[in-house]
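So, here's a batch of structures to check.
Paired with subunit B in one complex and with subunit C in the other, subunit A is shared by the two complexes that follow.
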Partner chain A sequence: MAIQTILVINKSGGLVYQRDFVPNAPRLSSNEYLILAGTLQGIVAIASQITPKSLQLDGKSSARGGSEPMGNNSAPLVPYMGTLGATTANGAPLGSFLGPDYFNDAFASWNGRGLKHVTTDQNSLFVYHTLTGIKFVAVSTQPTTNAMAVAVAENLLRKTYCLYADYVMKNPFYEPEMPIKCELFDQHLGTLVKQL
Partner chain B sequence: MSASTNSVPNSSTGSKKSLKAFSDDIWKNKTAKINAELFTLTYGSIVSQLCTDYERDFVKVNNQLFLMGYNIGMRLIEDFLARTALPRCESLAKTSEVVSKCAFKIFLNVTPQVGNWSSSQDAFSLFLDENPLSDFVELPMDAAKELWYSNILCGVLKGALEMVQMDCDVFFTSDVLKGDQTTELRVKLNRVLKDEIPAGED
Partner chain C sequence: MAIYSFWIFDRHCNCIFDREWTLKTNPSSGTTNSKLNEDTAKLLYGMIFSLRSISQKLGSLDSFNEIRTIATAKYRAHILCTASGLWFVLLSDLKQEDLSQVLRYLYSEIYVKTVVYNWLSPVDFAETANEKRGQGFRKIRNRQFLLAVEQFLGPMVN
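What follows is the complex of A and B.
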């Protein structure tokens, strides 16, 4: 599975970042990406409304899920994928994160009942929400519904979020909610995806 | 330490830890650090420069520090969430715990005491036993009355909490630099901005 595209959508549904990683794959025009981002934002909202109670992953309805640091309110954890982007192997620093990796634990997903992934005949699309409303979206080159692949994608997207925190939010020239044009973010995201 | 060699998904390691152990681990193993004195002195020179720039109008200095903090907080919250991936707090009590044990620990390596809850449970105080911002600091006579030296912290908290949809008032009520017994930072929750909570969560 290779990552074809990564998108970042701000909390109001605007596309702030889009990057293709597969050089000669069919691609959408920038306008179509904007539409895709807006549509996703809407679909996520609708999905969260129509998800049946029994499928919601917010601890209250499901008995599974251990006690993570926040105690009882525990959604099932996303497992940590150790092999993914273990960057100290090539000595590259991880910004404000101390090696060997951005995080080394399983983590709770913030997405309790919204859209997590979409599979078509050609592609899969994975969504990672943050508590502040930003969405990180990855499109892969192969269709997959396998739990492992979903976990890898969630790990990748959380790492993208770490990069975002380091190289976008800490860039004084970046204005929140605006399109991301940060060279360091591009560079590190490229490395991260390449390691996959 | 063994993280990079661990390719088996482990969903349990670390997940049973207390919030304190969890934040200790993040602070110790996951966060790059700078020299504390450099940090203190840098902050000191910022405050002193602001006092000069505003011609010792300390109300303006307080506001400016708050504003700077606010802008930092709005961005810093992403760093905090990326680092910890903590879920949304279900009560203000939980929030206070996360702020003191986790946020202050990770970014400043201090753990303020939480206390002085209001009767309606919508306001609490953080008692900063040690404040890395104000090491080596003595306020001059004219500043001691009005200047809240560490007011940037209020702004940071305000900005950060606002980004997770909690509209709060944050202010200092006492400071050891002014001769008070304690350094007390008050956080008052006005309301939770329900409309802005992203879809897909409660």
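What follows is the complex of A and C.
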């Protein structure tokens, strides 16, 4: 499974970052990517609206069902990503998300109801929401519904969020909600995806 | 194994069958072809329609890239799109990773044999032009079909 594209969608549904990692990725025009981002923004809200009635009825017992694919296991060891919180294979630090204050315990996703994961015949698409409304989307080149693959992808997107916090939000020249043009973010995201 | 609801949409964007189970413990609970589910059906249709258009853009040009599953944090929707423009949608819990075989059986063994082969069943559930584009109200009321769906999906409810 390879990551084909990573998108970052801001809280109002605009596309602020798009990058292809596969050389023969289908070329969508920038306009098509903008439409895609806006559509996803709408679907995320709709998906939570159509939660089945039987789930709504026994929702009290599992009100915090946000992290079901992860289960309630305490081992945050993820294949291909190493132990969460450990240093990378070549020892190069990838930013502050490697510090001991992050990733020491299994994380409960903030996305308790919205869209998470879509599979089609050729791709799968993973969505990671942040508390502030930014959405990180990864498109991979193989359809998979395996809970572990979903967890790996979610972790990748969470690390992308950390890179975003480190190299985009801390960049004094970055204007919030505007397209991301930060060289350091590009660089580190490339390293992160290459490690998969 | 838990499934929550089952929907069929025709090529005019109408929901022609819906079955929702409300109690996991009781396979005969819930509603069939309910008026109250009309809005939910429209939302579900809209979500699948949009994601389907996205997936067709993302796929390569020389082959179809049909949508298979949509997962949220609470449930997973499994989708089968047939060549005749019908969509079979099954909502299940997250432990069901792939129910495409179940959907294929529902289509080829139940829908085709009890609805398509039935001479008294209409070919098209939208009879006039203003019942198209999601405005239709006719549903599958065929007893054989309802019974077969109940028998097949009932054991999977809890």
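Following the convention adopted for this analysis, the second predicted complex is superposed on the first by the 155 of 196 C-alpha atoms of A that agree within 3 Å, B and C clash if a C-alpha of one lies under 4 Å from a C-alpha of the other, contacts with A are read in each partner's own complex, and residues count from 1 in each chain.
Assume contacts are C-beta pairs under 8 Å (C-beta built on N, C-alpha and C of every residue); 3 or more make two chains touch, one makes a residue touch a chain.
A quick note: this is a predicted structure, and the numbers were derived from the prediction, not measured.
Colleague: For A:145 in the superposed arrangement: first (subunit B), second (subunit C), both or neither?
Modeller: The answer is second: A:145 touches subunit C but not subunit B.
Colleague: On the A-aligned overlay, A:122 touches which partner chain: subunit B = first, subunit C = second, or both, or neither?
Modeller: A:122 contacts subunit C only, not subunit B.
Colleague: Output check: A:36 vs subunit B and subunit C. Expected answer is one of first, second, both, neither. What do you get?
Modeller: A:36 contacts subunit C only, not subunit B.
Colleague: Considering only the touch criterion stated at the top, classify A:196 as touching first (subunit B), second (subunit C), both, or neither.
Modeller: After superposition on chain A, A:196 lies in contact with neither partner.
Colleague: Let me test your reading of the model: by the given contact rule, A:22 touches which partner, first (subunit B), second (subunit C), both or neither?
Modeller: A:22 sits against neither subunit B nor subunit C.
Colleague: In the three-chain superposition, say which chain, subunit B or subunit C, touches more residues of subunit A.
Modeller: After superposing on chain A, more of subunit A is contacted by B.
Colleague: With the two structures laid over each other on chain A, which partner does A:47 touch: subunit B (first), subunit C (second), both, or neither?
Modeller: both
Colleague: For A:114 in the superposed arrangement: first (subunit B), second (subunit C), both or neither?
Modeller: After superposing on A, A:114 lies in contact with both subunit B and subunit C.
Colleague: Touching A:131 in the superposition: subunit B (first), subunit C (second), both, neither?
Modeller: First partner only.
Colleague: Mind sorting out which residues of subunit A both subunit B and subunit C touch, each in its own complex?
Modeller: Common to the two interfaces on subunit A: residues 47-49, 58, 66-69, 111-115.
Colleague: Inside the complex, what are the residues of subunit C that reach subunit A?
Modeller: 4-5, 20-24, 30, 40, 43-44, 46-47, 50-51, 53-55, 57-61, 63-76, 91, 94, 97-98
Colleague: Which positions of subunit A touch subunit C when the two form their complex?
Modeller: Of all residues in subunit A, those touching subunit C are 26, 28, 32, 36, 39-40, 42-43, 46-55, 57-58, 65-69, 109, 111-123, 125, 139, 143, 145-147, 150.
Colleague: If we count contacts the way the header does, which residues on subunit A are in touch with subunit B in the complex?
Modeller: 11, 44-45, 47-49, 58, 66-71, 73-75, 77, 79-83, 86, 88-89, 95-98, 100-108, 110-115, 129-134, 148, 151, 158, 161-162, 164-166, 169-170, 176
Colleague: Given the complex with subunit A, which residues does subunit B contribute to the contact?
Modeller: Residue list for subunit B touching subunit A: 1, 3-19, 22, 29-32, 74-79, 81-83, 85-90, 94, 98, 163-164, 196, 198-202.
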